[in-house]
Amino acid sequence: MNALVATNRNFKLAARLLGLDSKLEKSLHIPFREIKVECTIPKDSLATFVGFRIQHDNVRGPMKGGIRYHPEVDPDEVNALAQLMTWKTAVANIPYGGAKGGIGCNPGELSKSELERLTRVFTQKIHDLIGIHADVPAPDMGTGPQTMAWILDEYSKFHGHSPAVVTGKPIDLGGSLGRDAATGRGVLFATEALLNEHGKSISGQRFVIQGFGNVGSWAAQLVHEKGGKIVAVSDITGGIKNSNPNLVKHVEENKGVKGFHGLKTVIYSSRLHSEALSTGEMQMRLKQSL
Amino acid sequence: MNALVATNRNFKLAARLLGLDSKLEKSLHIPFREIKVECTIPKDSLATFVGFRIQHDNVRGPMKGGIRYHPEVDPDEVNALAQLMTWKTAVANIPYGGAKGGIGCNPGELSKSELERLTRVFTQKIHDLIGIHADVPAPDMGTGPQTMAWILDEYSKFHGHSPAVVTGKPIDLGGSLGRDAATGRGVLFATEALLNEHGKSISGQRFVIQGFGNVGSWAAQLVHEKGGKIVAVSDITGGIKNSNPNLVKHVEENKGVKGFHGLKTVIYSSRLHSEALSTGEMQMRLKQSL
Amino acid sequence: MNALVATNRNFKLAARLLGLDSKLEKSLHIPFREIKVECTIPKDSLATFVGFRIQHDNVRGPMKGGIRYHPEVDPDEVNALAQLMTWKTAVANIPYGGAKGGIGCNPGELSKSELERLTRVFTQKIHDLIGIHADVPAPDMGTGPQTMAWILDEYSKFHGHSPAVVTGKPIDLGGSLGRDAATGRGVLFATEALLNEHGKSISGQRFVIQGFGNVGSWAAQLVHEKGGKIVAVSDITGGIKNSNPNLVKHVEENKGVKGFHGLKTVIYSSRLHSEALSTGEMQMRLKQSL
Amino acid sequence: MNALVATNRNFKLAARLLGLDSKLEKSLHIPFREIKVECTIPKDSLATFVGFRIQHDNVRGPMKGGIRYHPEVDPDEVNALAQLMTWKTAVANIPYGGAKGGIGCNPGELSKSELERLTRVFTQKIHDLIGIHADVPAPDMGTGPQTMAWILDEYSKFHGHSPAVVTGKPIDLGGSLGRDAATGRGVLFATEALLNEHGKSISGQRFVIQGFGNVGSWAAQLVHEKGGKIVAVSDITGGIKNSNPNLVKHVEENKGVKGFHGLKTVIYSSRLHSEALSTGEMQMRLKQSL
Amino acid sequence: MNALVATNRNFKLAARLLGLDSKLEKSLHIPFREIKVECTIPKDSLATFVGFRIQHDNVRGPMKGGIRYHPEVDPDEVNALAQLMTWKTAVANIPYGGAKGGIGCNPGELSKSELERLTRVFTQKIHDLIGIHADVPAPDMGTGPQTMAWILDEYSKFHGHSPAVVTGKPIDLGGSLGRDAATGRGVLFATEALLNEHGKSISGQRFVIQGFGNVGSWAAQLVHEKGGKIVAVSDITGGIKNSNPNLVKHVEENKGVKGFHGLKTVIYSSRLHSEALSTGEMQMRLKQSL
Amino acid sequence: MNALVATNRNFKLAARLLGLDSKLEKSLHIPFREIKVECTIPKDSLATFVGFRIQHDNVRGPMKGGIRYHPEVDPDEVNALAQLMTWKTAVANIPYGGAKGGIGCNPGELSKSELERLTRVFTQKIHDLIGIHADVPAPDMGTGPQTMAWILDEYSKFHGHSPAVVTGKPIDLGGSLGRDAATGRGVLFATEALLNEHGKSISGQRFVIQGFGNVGSWAAQLVHEKGGKIVAVSDITGGIKNSNPNLVKHVEENKGVKGFHGLKTVIYSSRLHSEALSTGEMQMRLKQSL
């Protein structure tokens, strides 16, 4: 089940529970605006990519959501993630709406200079549709503080120095302290809350971490600090099921599972898995396993 | 074969004949920008429609192309039509690019007041992306001078009195004389040119007209004036194969085939047919039948 | 004596007491800008109203003042009220100037949908002359949080999401807590301050409330909470002079005097009375009655 | 009967003849926008004037109309003149609407430097409401090419070099040849047309010219060139009834009646007379006298 | 050694110590933008001045720096001072860049009205290049709160009420408390810090103050309050070497040395002296004299 | 004598002949605005260049003037050339003012991609100060239609499709036919006019051409077509004094003198020579040699 199908199913379920009339449901469901733009940069001779920005809803405030660079980014997925941002900001009751974007590209195959140009071209194409009162991008898969710095700089050429146009920018340019660990810390909080409901705590529990990029490694670190035991981790290069006490240390030292003895490469396609799971679904899974 | 498939096939064929390298071909093929916007108006309680504008290419000048209102409008079709506008303006060597847009709605089920509000909401959503130097809409299926007048008025609220932002507007607001008959006259010109190549002329030939809206009825009228004989016409309500000399007169009087004795209802789905045919294809068909 | 005559008389008095030279007095007195706009909406066939915005002075900061919908709104009255806003913000030493506006219409004769359209048309006509650095409207007679939400939404179409362009908006859109009761609470504070000067307090005093809309009913409620005794209230439907202890309860339950036994309908024209009275005049009247 | 009363009476008359429904009549009658602004300049210590711009109607195109400087300028008069501009441009079928403006001041009591500052302050206050697509001012009583040059220059500080924002500017700044004589030539054309209806021509007729500023002196000159005989002229300093053949020469040499032997000073208040007379009324008067 | 030579020498020294590569050094050294504008005001007949704004670097935030009015202001000096602002804001770690500006004029020879017009003309010429996100001017030699108020007012005509576009404005317009004494207090802090390093304090030390405008007189006042002994002061009119205890009192009463008995006029050209000395150099000099 | 000294001397001479008062002379002489901007592009690691735009005068219309890329471009030279543009447009009585700009760089040492990036960075830095109503650049030494196309494209990102922002662009983007030969043709016209004054014509005269880039080679070509005899030409690589009838042919075939037998390399620094000579001076020289 892909991200959009899952998200639409969850939305319909919620609409039924809330007793929304069908016209309001349709209006909430259809994105406010979807934009696709052509981004061409000189690479060898010339390379053309397609960038997206789906702006789902701005009734509660400026839209908010990440920009991801990945070869499989497509409008359906971006649409789903934009909707989820609307519901996330609403549930957390912060005055923002939801959006999401991305460029269909493989960042690993582009030089830093090509990534910079691609980001700047994409920003030139959407600069009039984002902004502190309209839509505020953030880093996501395949992007990070450096990407945000390029967006900020390019956007500022058109609108003047505007550090607030993106979040997740480098600290030196006005980024927030703690932003780096924030998503991983959210995993910790949700896990803690669920365990508390069952009269348990992190300390002494055993954990398996699926995905070991920025989110997973911070989650592992924070769970470890709270006394949890990491028994297995996996990332794009393989997975390890192991209660070896050196695993956490290895992970801390190497910021990844790669190179740990006993690594077994496993093929799986979990790219959007964790995000398409609403916190509710995650709690359901955790409940089932408790 | 739908419009986008046909258009893409023709484009690939042309690219091969021109010897375009694959990167330039990709860059020419991908639209400059695609926009989808949510348009909500109060109807009974609330009705939500999706509007599109696909802007294909602006290298040769501001983009140009119609806006259609039809229940089956979809991004693929609009994409194909936008591409065709780019090639049309280039072949005719006028300094414009190509675009196309539309709203997925059934204009027959909306009151005039609802159509006005829908048009104004759509204009509010895209006003920053169109303009005399960027993209100039025109009427198309399901829209006309009144629609253009609404766009012009709504756009002018944001950008000041801007009659040049649309073509096909009412004469009183600065529209062009002869615009009404222009597409039908183009059919006449192409037909005449082809017949001349074969040493023939309109006069004395027999013609079958497929489609009898604004384009077909003007083509029939103009062919008739040049001495051509209209032996059959068809429109969405049926078709007549008939050499009855009263047919032309009936068509002139009733502005349609409806009500002529001998009308046979025929089911067919020719909506995009004529437009997806390049002039080249039309000439090929005519040649085959000559 | 109408509002403008009263305001001008008070201003001249103040100017004399301050020893202002005549040129500075003239400059302070003449409004910075006065705007009248035509607002036409479809109603039955077509209805045209005249909207006003008088911006009196912006030397001390962005102008601030309500927008009222009332059939008798006229430029003289709006002019007077705009001036009073300048003096009020200056006396309270907050960095704002003074303005006031309104539309000559009877909100009771317009449907909610017509009121929305009228408000949106008015906003379209003045959007370039208001703004967070220029002039910030607020609710007044005949308008309320819903009106502000319409202005906010329409204004944001032109200038991006701008919640700060109006005050008195719904809490969900960023309105201030306590705003609802603020004007009535101001009546309490002024009354308390005056009584204190005379060595008295609210508690145990008897009060007559003239006007029982948002301001009067909150004032009654707050005076009651402080131990004051409401002996009579009046509103547009009549007045009651009554020491019946059930009156306060009735008022609280019914949010108005209507329906209380003993109600006597009285014709009077007190529309602008309370507002045209400066706090100074109110204190003078209170002093005379003490 | 003042200008506004006369204009309104004529408009009602026309509406009745055209069978306008009352709502459309009201909508046509109410000005699109009226603006009053405070203009303060340093003079001795400080002087404050009130400037007006009444924009009556822009349905047929950008609004057009003069700016006059006169001590008795008031909103009613400006309102009437703005309406007349709408009807004039419509009758002449040029794609413009109607507006009119002015400043309540006595240009004779202001130095050139004070007039410049006053004009620049006024322009600063209205620059966002005029423009080539919105409203294009022109000279009128008490203003001229120099005034237009100041407006043009001040407006250009805000919007870039914009010579088209005013008409009636100096030739060197892009003004039109023949503009100087245009209004007087219009008098000639109307007079000629009327005489032709009666089988007469200018040549040999005797003429009385009321008002001898820019309009009247050019009318006299042009009538004289066509063989008409000027038997009397009057201006603000007096009037002469005289068939003396030297009168025309004196008028040409002195650009006014002042100083001609036989001058009798007459008090009259004809300021708005000629303009408030529609061409129709003028022709009626001429017919009565023929 | 002039200011630019000194600044460039110090910059090269710092670059060498930091091991900057030559390309980055060049990029840091060359100003972001330099602007010279012609400012003409009516004075007698007409007077033309040249205004400057050198914007050195905005990587760390909006540029910040004073505007000075002085007959000897030249681009080299302004360039040096702009660079110093970049290094100052960086060293103090506040998110601003560096700029500096000025007008080549003698404020003593211009009337207040001429200074106002000159300031307004200069602001009109640079308003698009400054702003709260771009470049924020402040007072400097020959300018003060009144100058900032004029800039604020003129800038606001173009961009709406913008109090944050300048610092050092009058308190009533939103200026900061303590701004007046801030530079002099900085001298106190630096002096105190240096003395502390040597195990000494202000109290009981003897001080010589070179320059007695806003900076020097506040420094003297604050040093005096901390128990320091002012033994000599000098300003543009002369200098006094004197341990007379009445000196401080005289300075306090007369806000300058002028008129104190024993004044000796000394010719020297110290205009830019204090500013071109980095705090580091100042500390070096103090160290040498300790 | 450098370009600025020569230009200033000529201006002073003209001012004296016209009897300009000294204040007006100063006002005419000082440029309206001078801008220097830092332009950094990645080259090897990073390269920084300084770009200039001197806008001399816009009283008669938008400013007009070339942009040159040359290692020796400096503000003095650009200043002189900007002044000359003001006088040239005024003498030719076209409604434009004068400006000139450039970047201090050696185009021969930059790749096409580096030139593109440098041009785009420069355009980003000045885009707000140029424009069809403000200042319209053109090609000059070291720049050409391709440079203009880059400026046009980059400018259009900020302001929408704006082909009129530069002249000298490629024909396909709206450039003017004949622009290529225009400057050389001007040399022909001036020469012809002067010869005519002396009763002579081009035909049969002998000509020496100094400089053989775009201007000189077109001048030679056109003089040749009119029957003139080119006896010597020189360019940056050398000079030939030769009446050899094959010279013209060689020049036509090789578009330069290089490679012709008899070429003698001569060191001279004539870069700005021809341009700093006003047409008046050129005519004086021609007169002396006649």
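Each chain carries a letter (A, B, C, D, E and F) given by its place in the written order, and its residues are counted from 1.
Following the convention adopted for this analysis, a contact is a pair of C-beta atoms (placed from the backbone, for glycine too) under 8 Å apart; a residue touches a chain by one contact, two chains touch by 3 or more.
Given the structure is predicted, the values throughout are model-derived calculations rather than measurements.
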item: Intersection of the contact lists for chain B and chain D; value: C, F
item: Required minimum of steps from chain C to chain F, each step between chains that touch; value: 2
item: Relative orientation of copies chain A and chain F, as a Cα rotation angle in degrees, nearest 5; value: 180
item: Counterpart interface for B-D, drawn from A-F, B-F or B-C and sharing over half of its contact pairs; value: B-F
item: Self-contact between copies chain B and chain F, residue sets same or different by half; value: different
item: Centroid spacing, where centroids are CA-atom means, of chain E and chain F in whole angstrom; value: 42
item: Chain centre separation (chain C, chain E; CA means) in Å; value: 48
item: Chain centre separation in whole Å, for chain D relative to chain A (CA means); value: 67
item: Residues of chain F touching at least two other chains; value: none
item: All touching chain pairs, where touch follows the definition stated at the start; value: A-B, A-C, A-E, A-F, B-C, B-D, B-F, C-D, C-E, D-E, D-F, E-F
item: Partner chain B, residues of chain D touching it in the complex; value: 58, 61-62, 95, 131, 133-134
item: List of chain C residues in touch with chain B within their complex; value: 42, 113, 124, 157-158
item: Residues of chain E that touch chain F when the two form their complex; value: 21, 23-24, 26-27, 30-38, 40, 44-48, 50, 125, 128-129
item: Footprint of chain A on chain C - complex, ascending; value: 156, 160-163, 174
